[in-house]
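Structures incoming, each one as structure tokens.
In what comes next, chain A is part of two complexes: it sits with chain B in the first one and with chain C in the second one.
For the complex of A and B:
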């Protein structure tokens, strides 16, 4: 079969289109007709728009060309890794027992092909098998939550994606363990990697999911992930996204969540390292009394760039949303935060809150933060706020006047700033581990880990400041 | 001499505030500094504790035999200088417990001692909290966040008791305190008071000096100490105000 990497000279979009034309059979090998039809539509769209550029209004402050102009390899079939895969994906957070789904270079590692069915009925596995195995669920939700017309990245993902994670939580089932998706890139070539996740929560169900993006080498990659989540009536969903990639990597992460009545979601996007990241998070509150917490923390330095775009659509009455993103930017790092709140005409009694706080440690760091509110209902509470500041000098002196070194004082103040987001992680062992990672990152000691981001080098050793931050 | 300030000149943004101040403090002494608003009392405290933006244009500050000008604030603190702030800062997100533990361990590290064991630390917190009658829930909160004016001042004394400095400067710790809180502050000070350490008490009121009896009372005016006396000077000032001192000072400087 044809699995030749692309020719290096042509542009990424051109290469992808060529691959699509030349190997459509391979691309669509596991499809059902609806998925194939969607691919064709999405490719038509991509041919019209191509990848977005920084002259597009919604990409204005993100020079995405820096990535899309590079040449990448794109593989249409999985391949063997030289590494010990079992070892790479072992996650060693203490007291944090998860169901692990491992993805290497964009492909699910399937020891036994097919799916894992847990005793409580939860099914998870590779999307490339789910298309044929679960046509009903696919036809109901796949491509319905993530609009392929959103932008060129979603179009090309819909057109060409071949793998990703499928999770189905039946009605009334509450997942006992967190499901953890660990994604790694370990190729030496520059890779363009796409994956697609579909997560469906039935009525009255509950799931928490952790999504770790890691690179374990220092080579360039561009990852384009689309995640669709359907949260049924009175279901509860939590999503923790950990982003820790090398400085040459680009990550385009688009998450689309649809919520039915009385459901709740909480997403927490924790960005520790990456050359360039764009997170699109769209929440469609379409049933009454639904609630969404959309949180994020970004700690960037060097020339890293992060762009968080949050779209909350209030499409039903009595829904609440709470958006809070905090960032610390050092060196020449740059960040963008755009929070869109859309309140439809019938979405009375909406309560939407949005906040973005930033600390710039150096005058060379930059942030562009902007709310966009579109409100068509009249009985609505909507608030937004953004702050950009330095570390509080009064507080710095106060701490130092008690003998605390200026570097520790800075650390304490930065940590205090970030803690607000960390404390909202409801899984205790995970909260502790993230807490450790944040401290390491703030100290400049968090490298792109050798292994899973959660190993943190020495899993058995908890990380401390001079202070024990456990509640005394 | 524990602290010896010679011909100190301090400027803020190029404007001279302290204009040739001399002050000597020995171990075991309590010095009160009084004087009208805006004459440079807090500026002096800032200069001694090493706050940035306070430019020492002339003079020397000797502490335990070292000239501390140019020494970072945290090193001065670890050498044993403590300031009870006139306006304590609120620091959201930093808990009192972590703050104190970090401060205490910084000091121990400076002295070459290992970190304080958790049990010992907690015991000490408990003991000092009781001393200044701080409700225990305050220490679970962020530093000064949402504390009342009086609680903030008590918290300063609590920190002093924890850190056991050899020179404590209390900048209007009595302002805004009710009489019971005032006694608590005085108790904290008197408890710590020994032959080895000293206090500089900046205040506008004689009232505090009933509880913390000073060895010397200085009047700061126009960036200088213009009069020094015993504890009775405070009584006299309370009675007569500062006008007569100003007159004396101005008459002298005209000569």
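For the complex of A and C:
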């Protein structure tokens, strides 16, 4: 059953509110009472605020209206894809064995009926089943880390979301394989897609997660994802986000991470292509000695727009955080970076670092960077930096004087700029693959792949610049 | 060490309370409380202003009515009742032929401030245009300045004597539509200073104004306009003090600077309004719009400020770098203690080619205060090869204060380079230990370290101010050692 709304002309928020009222039973079909209660509260909040607009301070430089004013379809039930699903998801990174979770148009593909439980006790599967199966975990964490009052997108997600990924790593378990979430949008119409992920890591556990957002066709879509991560004591969590959607699509990605004592996280957000992306990353360091690495790389061109909002909140003593975002902007692309380090009064001995570097390649490219610090504790070391510039002319001259063509020299310099972030990917096969993707992206060869983000269709070989490095 | 200005600093430090909290009993000529069109007409009539001036005020007032008070700054204060303010308070006598005629009490005020008019005339070579409660009392050194063609007078005089200049430049940098407080000032400003440096003249004196809020419940709305014609130079100093009063006093000033081709203007401020007592009661609300326009090619505007006073500071001295090769500079030390709140910084708007700007901001917070740097660097598409360097450091003294940094950087040109860096830290134990080991007590050691920390900015101040500024730093930080 496709209960697509018959009226296409009404605005997105109105359409969603109507659906919520008309089909609440369907929306909340798999809920437990606490989730239903949260939906109602979140909807009330959404009715108050609606979607954010660019006149809100936090959204000033992002014309989000361009997306929220469009009309989209929103489905309350999964439906059949027009393509062979098996074929779409058969790709894998060479030498990189992952547990794959496939999502199509916001719904988890049902081939593994609900959950997979690995021998070591790790559980992963669909959130729509997790609500009822793991009520204790849900009651403890769901909606507790992501505050539905953050903005209209988190509110509407909390109110209406029906599916997403649930991962539970029990105490003391270290995941052997990376878990990979592949999200694809393939629908010959404009879609509004919501999904919600809950990831819970118990004490002394370890998990690395790859989260790929891709679109397969060229229809417009707006994806609104909320991810909640709970990192227990002494646990280690890594998150790699790959974003490669078509130029018309919008992606609102809100990630909320809560860290207990001695835990460490590393997130790396790699944006290759998308019409408009908004990444909200919020890290709550609430246990002592926790450490967070929040990294990002964005390579945008055409009229693309990226907005990275990073909020790191130091709420316990002796925590450290390291935030680094780098971007290259070509054509009429625009980028926004707003880093925010908040150090609470009791968070003494904090060490926080924040950096944002940008390269503008064309006079039409734009960057707005806002590295903020808000500090209430005195025994801290906090520093931040931001630079905007262009490729180093002296380095360029050096390369040119050794007979390297200007386009190749440019490429090499841009690659060197980006390598800083790529080299921090700790999974070697993934690092190599991302490395190749960046090289391709810089040459303008990486487009929305017919298959998927990992270019499994391409022969498995390393990618090199046409440069005789012996000359250097 | 020589920068600590001798051994008496400890005495000054330990005295602690606001030093300039005396109240001069001069008869005031005040406007009725509240703000209506009638108030504005009253002010305008009192000042015998021409019709066009009144029209400007009324236009600004009507615009102000349509505006909302800004809320984005990182400051909190009870709502201001704009109808409970006296918008005009002038010392009663207006005409002074010589210093003798000036109210002795007024002179005494200046003496306490250490700026006695006649003394300074001889010793320091500083021309002072003293403004008490918004009306210019006496301007010194008019003759010397006159010889060079420099006009330095009160704003009201300029309205009468140089209407063509006022008409041309007033509101050209900060239009009355600019923001809430600029609109309010444009409507009710009582007086201020006007300074005009003709083509090719290097002003022979450091020009200086003292502002002082005196009568109770009076808002202070002064307006300064500085015009530097081609290839001229002027260094302008502004000092502020306010007597101790429990009710918060509102201060909303405008400073406009225009620099033509190759002109250079150096504007220095030592702001020492009453910051409120140790419990956060009283103090001045300081909402100021300061902006310089580098209109001509290769012009330069430099702001240096030492902010130690005010309960609330809301102030962003800015440079609009319109001419090619023009330069903007901003050097600031902002100190907050007790319950003070400061949200201050700068804006550098790069419009012309090869424009350069430097921002050095040093924030020091102590007690339960909050100190924020907020700055904008904007590179417009035409500003090829422009360059900005910003450095914003914060020093925290004590664990109950806050230090915040909110830089906004917007670049629209691929050939420009923008760099921003900031650090937040406290005084290191090592430095303190080193000083104490050599027999310098904690309080003095902190004074020493803070002065070293702020030296980069203090060095930019003219001599007369630098000494005062260092003392102020020490006084403000008194009792912050915990």
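Heads up, the rule we're going with is that the second predicted complex is superposed on the first by the 458 of 472 C-alpha atoms of A that agree within 3 Å, B and C clash if a C-alpha of one lies under 4 Å from a C-alpha of the other, contacts with A are read in each partner's own complex, and residues count from 1 in each chain.
In this text, contacts are C-beta pairs under 8 Å (C-beta built on N, C-alpha and C of every residue); 3 or more make two chains touch, one makes a residue touch a chain.
Predicted model only: the values in this text are computed from it and were never measured.
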**Asked** So, A:177: does it touch chain B (first), chain C (second), both, or neither?
**Response** neither
**Request:** Have a look at where A:440 lands relative to chain B and chain C in the superposition and call it first, second, both or neither.
**Result:** neither
**Request:** May I ask you to decide whether A:144 touches chain B, chain C, both, or neither, giving the answer as first, second, both or neither?
**Result:** neither
**Prompt:** Which partner does A:413 contact after superposing on A: first (chain B), second (chain C), both, neither?
**Reply:** first
**Request:** Scan A:401 for contacts with chain B and chain C and give back first, second, both or neither.
**Result:** first
**Request:** Tell me which partner A:40 touches in the superposition: chain B (first), chain C (second), both or neither.
**Result:** neither
**Message:** Tell me the contact category for A:349 with respect to chain B and chain C: first, second, both or neither.
**Reply:** neither
**Request:** Using the touch definition up top, name the residues of chain A that touch chain C in the complex.
**Result:** 57, 345, 348, 358, 360-390
**Message:** Applying the document's contact rule, which stretches of chain C touch chain A when the two form their complex?
**Reply:** 72, 74, 379, 381, 394, 396-426
**Complete:** Residue positions on chain B within touch of chain A in the complex are 49-52, 72-74, 77-78, 82-83, 85, 88-89, 91-94, 97-99, 101-103, 105-107, 109-110, 115, 118, 122, 140, 142-143, 159, 163
**Prompt:** chain B touches which residues of chain A in the complex?
**Reply:** 392-395, 397-406, 408-409, 412-413, 415-417, 419-420, 465-469, 471-472
